[in-house]
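In what comes next, chain A is part of two complexes: it sits with chain B in the first one and with chain C in the second one.
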Partner chain A sequence: MAVSDLAHASKTGVSARGGHVDIARLSVLALVVALSLLPLLAGGFLLYSLSLCFANALAVLSVSMLVRYGGEVSIGHSFFVAFGAYAVAIVEHRLGLSIAASLPLATLLGAAAGFVFAFPSRRLSGIYLAVATMALALALPEILIGFEKFTGGFEGLYIAQDLIPGIPKALQRYYVALAVLGLVCLALAHFRRSAQGLALLMAQAQPRAAEAIGITRSWARVSIFTLSAAVAALAGALTGFASSTVSPNSFTFFSGVFLLVGSVVSLNGLSLPAALVGGAFITLVPTYLAQAGDWVPILYGVALVVVTLVANAGDLRRFLPRGRGR
Partner chain B sequence: MTVPAGSNGLVAEGISLAFGGLQVLNDVSMTLRPGVITGLIGPNGAGKTSLFNCLTGLYHGQRGRSSFAGTPLNGLGPAQRAACGITRSFQNLAMCPDLSLLENVLVGLTLKRRSGWFSAFVPTPAQRAEQRDAERRAMAALNELGIGSAAHEKPSDLPPGTLRLAEIARAITSEPTAILLDEPAAGLNAVETRDLTRALKRLMRSDLVLLVVEHDMDLIMELCEHIYVLNFGSMIASGTPAEIRAHPDVIRVYLGDDADA
Partner chain C sequence: MSVAGFIRDILPLLWSGLISGCLYGVGALGLVMVFKSSRVVNFSHGNLACLGAFVVYGFSSGSLLSLSWGSAVALALGIAAAIAVMSYALIAPIVFKSDLASTIATLGVGLILQGAVQLVFGADIVNLDLPLPRFSFSLGAIRVSSYDLAVLVVTLAIVGGLFVIIERTKLGVAFRAVSTNPFACEVCGLNLRSVHLFSWLAGAVLGLVAALLIVPTTFLSSTTVPSFMLQAFTAAVVGGFSSLPGAAVGGVLVGIAMNLFSFYVSPEFMNTFLLGVILLTLNFFPNGLLERAIGGRV
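Moving on to the complex of A and B:
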């Protein structure tokens, strides 16, 4: 089900092209089954970490979407993640509604915020867009503290409501995050073949040719940024739900940088395994290497350099399913 | 071919274009009539691609007017002109490397497709039907150009001749009313050029405006019914292939010279 597995538009190519597509699909299915059964064996801290890992994997996906479909880099996606997380918390505090209502609402609000940012910056690209997103991430803590009345200021807010009362909280966090992540991956695989998905890929690879068939660059930029921000906000909503709390400390400038690191480490992949690699890298590595302390950023830096070098050398991409054309 | 006076096709009148102090096009006029394959030739640097880009909306001349089927085009960009039914190909192959050949052609249908953002993420029966229909049309365009067998290959695995034809397939799949081809035979070998000529003749219809900008004189002479000749930004001749062959100015600046241009 990986996006890259579905590179051909019609089904005619699948059977003719041998079985490794099916093997890839089966292994993803096996992964999903394994993750679904994991709570039977594990518990407590591992489940909690994995719930956060799934939420972060989704946030990494949002950055990878922007890279893959827009050819752009965002350093400040933590802004939209925070937007989603706070939306869940504020909806619960002000309206008393659970995540069943706030999850879709957070996604829509994230899309709206993405559009509000993307429309004026639709002519920016490359380093200029990246710097503009950086401004978002830098402004975020100030905004959160400034709107203390809504956001709870430094202390943040708690998210206490269950989705389904009666089921243990750890299980709810885990399964909601896993299900949403899986569904988004499926939706992205479908998107890759859709008219809009093809149009965005074309606009990124051949902007002039795309323009000549009616796809304007500004449409492409605004669309993919809006979509990406919506997914980031959805990820934020899950982060809030999984950690039961939101505070400015969770959404610093470095959160945005780490999302980009996760995206690079996952080779900007849009499949479930790629997202999990990215999510695990930015969630589990710091958690389980907590005693390493100051070494974590250095580890990130080294990983980033290694992945960038290897990926650009084409050594890893050759093993990815997308090279099937040969 | 007789064309009714009213259906005036794609018309450019008195186009002048300058980049800074450099006059690239000087009071150039041309009429591309439906049902006629029109050629545009000229030595290197004559302004062919600049004129082409003026017609497709990539450049905007400082002076002059252009219209398509009576609708003024002035001020419209490439995407808006595409919406008017004008498509083009590019001198440098403009294929998206991540997409298969079929998908590269499918993109040409973007403006015709109606499925919304929701169905881009969630499959719906209507979206599936629309997708099948679009794929069928893209496949038909590939088959029309004789490259249907390469539909599921990646562009990087295909020869330039096939990719050229795929570009034309992308241009025709949306059933445009004007197709402008920028050096479609560039980089093609003799066999591929012959295939291209046949394909272009086959897709000609009485209501289609087709312009071919080309270096390859043999191709232009064989393919086109009407030819314009551009030199140093000015139109120096226009007429049938026989008239162009006999035109003294054309012989002097183009054919008579070392034709490597």
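Moving on to the complex of A and C:
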């Protein structure tokens, strides 16, 4: 199993890296400082696209979590992202509350939705979950348009309220997105070393050993999916806040697939730089290649195939002579 | 709603559900064949079928060439088969290593095909009819059209042909063996690759046939056929995802259930309904609705 190999590799990596850890930490710190100072230099459109990058990076992170800890693939995480984004918009429209109230609410609701969704396939292999997430992604536009009363139908809803009144909107979007992304990355680094995180990795790498100490595979599956859906909903809340609007156009079937593309391109990494690479790939490519239009899916498809092959094939030469590998 | 009205409605609903269900079943058979032999869920199934249908349109309508319908279909079958072989070749290095990684790679292939369709044919919505004589007759409350008969005949021929191959030929025996125990097959010197290739080719042909037959009821665009495949996926799940008869029967059940849902409840939430069907089936019948009736046999 490639995924258990990955888990094993990352474990040995942590202990064997030793002296390099500090350099890695320092460079992440430098990245965070650089990103926090960036608004002093840049403005307008760049800040706006970077805020969206951060929100998408978090969404990519939620998919990577699922791959790393659960060994499962989702192409329907756009559902939970949309769930979070619409939660923010609807809370503002109906209750008049800002993102300070709706961000935690969106996260909790996302977790609940993730639990409900993951529960039925808890005992089955990840492939069934992948098929179910495809249905989720295809059902999403229908639901957004169908429940017009709440979601505003085709036109969607606006998100106008500031988090802290008085600070320029562009800066708010930028710093809120950056702060949440940074905090989630820190939390994930902590989770990796926590008993719960190790329990999930163990349930995946050594299901029988895990079962012997009381961690069932189905529990592990449902809980990692719930966590991942919560992070996705959080990312959605940020996306809504950063773009000031939610509409079905931003949540098509392909947005879910693109999140997986971002995750694969970042090698399912859970660190801040990895998440940023994935987020930037799926945010900036369509923005800056807008005139290339139809080439974007082809580019994404090629990226998906190439990265998957290179990451999994290991020594490719082994397969060439007789075309049979096992 | 009166009883007489109910009976008047229900028979045509069941009949048209059966017809479209046959096509969902044919689509699902392609998915299940690929899954049984190589343990990969082929997410490019719908995109490949869509590309094939567009090739038929492009070559027969005059937008690329103006061939006869038959030769356009033959060309499309050739192209679809070539792409199926290429996409299997692409994932061949990792197919034994990780089901999940190979499944992700098929998504990549699907994206490439989707982009190719959009590049060549644009976002147009086109009509692609079957070259059939138009007639219809009544059978009690049911109206049977030439299209319905064509679907039934093609489905029966395809399913029958497939079962003859799988039950009677050497290739079919190999296919059954590989889907039961690949390791033992390899020990016995069976070439797993050729069996995989057979199932991927069969899957491509089944997908294209289903797409060509379903398109006349709606229209052809770069998104309709890939989303039609959700019905095929649902049919496969209802049938247990690794049973061929299950997929065929699952298709018919899904077709009828969808028709009833869209008539009596709402036509706007079809995908949501299918999502519900998938989740309920996975929860209550993880091995398919027909597990007890027909068991796990091929």
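The rule is short, and it goes like this: the second predicted complex is superposed on the first by the 294 of 326 C-alpha atoms of A that agree within 3 Å, B and C clash if a C-alpha of one lies under 4 Å from a C-alpha of the other, contacts with A are read in each partner's own complex, and residues count from 1 in each chain.
Going forward, a contact is a pair of C-beta atoms (placed from the backbone, for glycine too) under 8 Å apart; a residue touches a chain by one contact, two chains touch by 3 or more.
Note that the coordinates shown come from a computational prediction; the quantities given were computed from them, not determined experimentally.
Undergrad: Taking the superposition on A as described, I'd like to know which of chain B and chain C A:294 touches: first, second, both or neither.
TA: Touch partner of A:294: chain C, not chain B.
Undergrad: For A:123 in the superposed arrangement: first (chain B), second (chain C), both or neither?
TA: So A:123 only meets chain C here.
Undergrad: Looking at the overlay, does A:36 come into contact with chain B only (first), chain C only (second), both, or neither?
TA: Neither: A:36 stays clear of chain B and chain C.
Undergrad: Looking at the overlay, what does A:49 touch: chain B (first), chain C (second), both, or neither?
TA: Once the two structures are laid over each other on A, A:49 reaches no partner at all.
Undergrad: Under the stated touch criterion, which partner chain does A:132 make contact with: chain B (first), chain C (second), both, or neither?
TA: In the superposed model, A:132 contacts chain C only, not chain B.
Undergrad: Is A:244 touching the first partner chain B, the second partner chain C, both, or neither of them?
TA: After superposing on A, A:244 lies clear of both chain B and chain C.
Undergrad: Thinking of the overlay built on chain A, is A:187 touched by chain B (first), by chain C (second), by both, or by neither?
TA: So A:187 only meets chain B here.
Undergrad: Which partner, once the models are overlaid, touches more of chain A's residues, chain C or chain B?
TA: C
Undergrad: Taking the two structures together, which residues of chain A meet both chain B and chain C?
TA: Residues common to the chain A contacts of chain C and of chain B are 325-326, listed in rising order.
Undergrad: Where on chain A does chain C make contact in their complex?
TA: Residues 1-3, 67, 71-73, 75, 117, 119-121, 123-128, 130-132, 134-136, 138-139, 142-143, 145-146, 253, 257, 260-261, 264, 293-305, 308-309, 311-314, 316, 319, 323-326.
Undergrad: Report the residues of chain B in contact with chain A in the complex, numbered from low to high.
TA: 56, 58, 77-79, 82-83, 87-88, 90, 94-100, 102-104, 106-111, 113, 115, 117, 119-123, 127, 131, 134-135, 139, 151-154, 156-157, 170, 174
Undergrad: Write out the stretch or stretches of chain A touching chain B in their complex.
TA: It is residues 7-10, 12-13, 17, 187-188, 190-191, 193-199, 201-202, 204-206, 208-216, 322, 325-326 of chain A that touch chain B.
Undergrad: Help me check something: in the complex, which residues belonging to chain C touch chain A?
TA: Contact set of chain C toward chain A: 35, 39, 41, 43, 90-94, 96-101, 103-105, 107-116, 118-119, 186, 191-193, 223, 226-227, 230, 233-234, 236-237, 241, 266, 268-272, 274-275, 278-280, 282-283, 286.
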